[in-house]
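Beneath this line is the structure, given in structure tokens, with notes to follow.
Order as written gives the chain letters A, B, C and D; numbering starts at 1 within each chain.
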Amino acid sequence: MAGRHFLFVPGPTNVPDRVTRAMVVPMEDHRSPKFPELTLPLFQELKKVFKTTDGQVFIFPSSGTGAWESALTNTLSPGDKVLASRFGQFSHLWIDLAQRHGLDVQVLEEEWGTGVKPDKIEEILRADKSHQIKAVLAVHNETATGVTSDIGAVRKAMDAAGHPALLYVDGVSSIASLDFRADEWRVDLAIAGSQKGLMLPAGLGFVCASPKALAASKTAQLKRVYFDFDDMTKANATGYFPYTPALPMLYGLREALKILFEEGLENVFARHHHLAGGVRAAVKAWGLKTCAKEAKWDSDTVTAILTPPGINGADVISTGYRRYNISLGAGLSQVAGKVFRIGHLGDLNELMVLGALAGAEMAMADNGIDVKLGSGVAAAQTHFRASNAVGEKKSAA
Amino acid sequence: MAGRHFLFVPGPTNVPDRVTRAMVVPMEDHRSPKFPELTLPLFQELKKVFKTTDGQVFIFPSSGTGAWESALTNTLSPGDKVLASRFGQFSHLWIDLAQRHGLDVQVLEEEWGTGVKPDKIEEILRADKSHQIKAVLAVHNETATGVTSDIGAVRKAMDAAGHPALLYVDGVSSIASLDFRADEWRVDLAIAGSQKGLMLPAGLGFVCASPKALAASKTAQLKRVYFDFDDMTKANATGYFPYTPALPMLYGLREALKILFEEGLENVFARHHHLAGGVRAAVKAWGLKTCAKEAKWDSDTVTAILTPPGINGADVISTGYRRYNISLGAGLSQVAGKVFRIGHLGDLNELMVLGALAGAEMAMADNGIDVKLGSGVAAAQTHFRASNAVGEKKSAA
Amino acid sequence: MAGRHFLFVPGPTNVPDRVTRAMVVPMEDHRSPKFPELTLPLFQELKKVFKTTDGQVFIFPSSGTGAWESALTNTLSPGDKVLASRFGQFSHLWIDLAQRHGLDVQVLEEEWGTGVKPDKIEEILRADKSHQIKAVLAVHNETATGVTSDIGAVRKAMDAAGHPALLYVDGVSSIASLDFRADEWRVDLAIAGSQKGLMLPAGLGFVCASPKALAASKTAQLKRVYFDFDDMTKANATGYFPYTPALPMLYGLREALKILFEEGLENVFARHHHLAGGVRAAVKAWGLKTCAKEAKWDSDTVTAILTPPGINGADVISTGYRRYNISLGAGLSQVAGKVFRIGHLGDLNELMVLGALAGAEMAMADNGIDVKLGSGVAAAQTHFRASNAVGEKKSAA
Amino acid sequence: MAGRHFLFVPGPTNVPDRVTRAMVVPMEDHRSPKFPELTLPLFQELKKVFKTTDGQVFIFPSSGTGAWESALTNTLSPGDKVLASRFGQFSHLWIDLAQRHGLDVQVLEEEWGTGVKPDKIEEILRADKSHQIKAVLAVHNETATGVTSDIGAVRKAMDAAGHPALLYVDGVSSIASLDFRADEWRVDLAIAGSQKGLMLPAGLGFVCASPKALAASKTAQLKRVYFDFDDMTKANATGYFPYTPALPMLYGLREALKILFEEGLENVFARHHHLAGGVRAAVKAWGLKTCAKEAKWDSDTVTAILTPPGINGADVISTGYRRYNISLGAGLSQVAGKVFRIGHLGDLNELMVLGALAGAEMAMADNGIDVKLGSGVAAAQTHFRASNAVGEKKSAA
């Protein structure tokens, strides 16, 4: 099919040309004296992304799933009790991973379309007088439903309960797109992946561990070698890795970080909010609902749109893909067929989003959804013109 | 600025990823025994693009301007009389080039927004009993005004006049996008460039010469060496060039041709017509006029849109560029400030065009043009859904 | 430093331009209907590399270390007894990984410079009447010492002992460079990485599992999720992955496999033998010894060269790197400082090897080693001219 | 064929990875307000390469042949008398171009293997009392024979004769590799191409014009449009071009210039001298002669090696290409079959040269030339170790 594909799944996201270019590198000796010139600054720059000064960032040649595994296996022991909220496919998969590694997960089932409930967590932690619960797991941004939870509130709940459990946060689809504050929220284990806000291909998993988490890793009994913190810490100290790293990805990461800081993290967050606002305005104009039950759950990186009764979201996606050269995200598990998702994170601007909305409108119309062509686009345009522009401010026009 | 730039000037056009990739080549000896394996098929494939079997295609490391120069200097002599129509900046520049090379150009001034008038040409040629006119120059697609002329009709006019002048056609912004028939129309010198329908960066100029043109080159007295047909013919015969060729461009050309023939030339033309129809529907919905005076002049590769009185087209373009990350084409010369142009040629699809139309709407609104947001997009969507889709046919949805 | 770096570590190896180019891809939806068109053939082609028809290949976004981990954790249970030979840094690290995952490793310590001793293995397995030993671990090519072991002989020894243990083979620096026969040798778990003979960057780990290994995975109790066979098998069946795959690597893999089969696997092996012969001829001409104790241990992918007493191999490497723009491999652990290594695997030809040998000669001379300049080069040239050329045969000259 | 090709023709030269990477750019509007940010610095940086402050540099989308043509057609008139020395294929071709453009060329035939004779030029110019001679053409580095002429001496000869002719110098295979001083030598028209010392693909031709040359262009009557100085000057003043420029080449040029100045021009010249010394030492060790008759003619960018009687140089080249994956330069015209050439310019280092010398040795031996394998390599190694190293100085080893 002619022309550029419109990639609007919530990851992998579009890799900027600068990053693509930066990854076109010849191989080199990863044990050379010059290699640390590449790697040591990466660790420092990544800390800024996590907003941490105390924490330590690990870079694994893996997907985000590997980072999930690393966070848990390095800090917990078999049978440890873990408290986790489930309200979407990714919170579910993380819980499943924890269970398969022999952890005893107390699952808080939340309605899909909502997120982590800090008050419930506080209540449970208060009741856990003997501190059996070693970990609280929270998904910052549930990619399956387009729901963002309030991690600062989770931390406050834990503090209110005076509970020493470690706080684990999946930030795969939030970090580098939404505001994330590892130090301020005292997140002990923050997890990110390369293929979302970091604008890289998949292939790197990141864990940011607090000093408390690092201390826990000294006694944790779950087995790990590939994902071991200690091997990494030793090798990373001088800029090396315990095994051959994925070179092009590291060069790409350097450029992606440069791009993020050139734009400015706060501007990146504002841009995501701005673009997401346009998408939500379109959904409203279409007369449809998002999966997120209330505005407070709205995610600025992905929007899950409920299709009307009798219309399978998968058909909208299929039409978009085959006819209009756009990839939209499918509904997963509980919401399979009930939604289609628009990912709006990473290297994105207003016209890209407007093209995608126009595509979604046509795909919906083709499937019999009663949506007025151009209506969502117009609503998003109005939103974009009213709020800060991605490029220059309106006043400059 | 974040996200992909929307490049909607009428050239250079978007280079497909496949072509970009194909151009990432190490240098090699352009006199090696293997080199002709790359080059010889290029000449054959290019002939299909020009729709010629009798003609010979020349590939110059130059822009289209160089190809203009080559066509004239190889086939004409100082003081030769040439008949040329002027109705836009590019027909103007070609005439200027001819004059500066010492040709005696009889200029037919046509209103900008119209094109070549075959009847006028026939009349003049009929009157030229002694066949002083050696050449008729016609711009197939005037990029400055978005006007396509009927070259088949020009040929018919020349035949009706029984005149032996050579027919020169600038197909820079038409060839590989609009139907072009070198043999059927007996175009003697057809000129193309790499950065339009051929989806490459600028850097290659093409001339397709008929046997009659090649015969004329044997006696033509205008000076040329860099652009000489004869040096090229000798070297090309075995797959080589008289001087070092632009290697990455040749590799890119091979891939671009492959892409064109995979889609099918007729499908490429249909896609351009389909996309252009969407743009024209949008212009109508906006209540604006195109520079093209009548539908018969409408170009399927570029649309020049007249801004309302008091609104400078350059401001719309500037807002688009600074605020919305889109490049639109400026009005040139006679129409400077009066139009903005949307290039819709090359590797393009519906959602790209819809994003661009949405951007144009916002840029117009920002400049006080009374255009309803989303109106042009909706009109284009309606057009796209009604006509053949770029991707799958609607019936398949 | 000007010019191309000479990368002569035994991995990562030089990535061919074709593969680099193939990796320059835009991101795409890894759950799209078209995605399996890329992935399904990869599994089939990889089976040819392992020389298996019965086995199943797993592709993990990881390094070879991850593939080591995957092979063990999917097929063994805590406390299982494992027999492993140690004769270099990589056989050591694998044993270490096994131990840290809770396996009971019976280590056969072999002199560094030698390899796996099938007769010893046979003896131990014969004595293990109750079949407590569940696994035999063998490193096919020990990268640290330049030693290749005879895996066919290991299989024969296991058969002679009539022992049902699974056979695990680390083929990271052999597979796709040296002859490897998963089916014929009934290797149950074969491990490979992308950054050696497969000519890709690091970032993919491969495991080829026999039906017997897959059966074992049904009851194995070691914990794994990221590296789980079962999750992969389910997703791979239709061409997908349980988590986001490293897209550029998969496109690179497709091209690398194409290159391998265009040359022909047997020709690839012959080329490695041919180039290694040149290197060994050079070492002999220099009057030096290789780490490999006898010719039968000689590796065709890496040669470890013993520096004379009083000369630190690290100094030769450092001079080579700083002064001559070449990366040579360091001595590790037991042989640290005593050797320098030349990796000669992957996308390599005679002149590259000769340049590297010339560089090694100068670096040695600079460090006071009494080596005649040009002597190793001449010996390698003689070897190359006498044996099959990498390019055309001599008779064709 | 496996492995990297050894490209040792005297252009195109190896493009550094950084430059390749820099050329992977999306297309953009060459009339955008940002475009001059790319282009204006290029003109300034190029002036440093030519060592001019007074001159003006023109960048044409063409090969060096186009730059030859531009230099002549912009500054001379039909029938103008031109003095030019011929001593190789490229000086021949330039003379041919001048003649075909209607110039009256007085040819000084010099023995191939020698170069420009300043004393002869002085004599002729002295005799030209009426200053009929408008131009002196000198090829700085004759690529066909590996001969460098003394341009400073030519200038002195012209000054001594008190003659006002313009000085035209072809620096295609010298500029950015050999010391070139446009201002000091008062070169009026200096010509360069992108595919030699500038380490780019072919596709850009450069002309550096002195104020005197620019003044001459106001009255010169030879025809030119594509290569016109004036159109360029007007457009370049604000950072634009009169026609669509070859974008990737401009981005590549920016990076190539950055690389040149990072190394330092004088270091670049020293490196070329150093590497050329190694090649010449090898030729001597082989017992062969170079085409250059005396050491004073030796070129530091290309060496033409005379094959012994009865041995066709083309056979050596053919064997090298087919069997050893190396491209050597052929003998052209008068020296066809009598020489093979080694280009040693651009992004090159010692080990690359040593690999090439080893390849040349084998190709010679395969063709029955009595050359001791390794002898040339050893001589070059000795030379390299004795003179300044390309990388670190020996003292640092």
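Basically, contacts are C-beta pairs under 8 Å (C-beta built on N, C-alpha and C of every residue); 3 or more make two chains touch, one makes a residue touch a chain.
Small disclaimer: the values here were computed from a predicted structure and weren't measured.
Listing every chain that touches chain B and chain C alike gives A, D.
Each chain's centre was taken as the mean of its CA atoms, and the one lying most distant from chain D is A. Where chain C touches chain D, the two copies mostly use the same residue numbers: shared numbers make up over half of all numbers in play. For chain pairs B-D and A-D, the one joined by more C-beta pairs in contact is B-D. Computed centre separation for the pair chain C/chain D is 45 angstrom, with centres defined by C-alpha atoms. Spacing of chain B relative to chain D, judged by their CA centroids, is 35 angstrom. Centroid to centroid, with C-alpha atoms defining each point, chain A and chain D lie 53 Å apart.
Shown for chain D are the residues in touch with two or more other chains, namely 4, 14, 20, 24, 26. Those residues of chain B whose C-beta lies close enough to touch chain C in the complex are 17, 20-22, 24-26. The part of chain B that touches chain D in the complex is made up of residues 4-5, 7, 9, 11-15, 20, 23-24, 26-33, 61-66, 69, 96-97, 100-102, 193, 195, 201-203, 222-223, 225-228, 242-249, 318, 321-322, 327, 330. Note for the complex: chain C touches chain D at residues 1-4, 6, 14, 24, 263, 268, 271, 319, 322-326, 347-352, 354-356, 358-359, 361-362, 365-367, 372-375, 377-379, 381-382, 384-385, 389-392, 394, 396-397.
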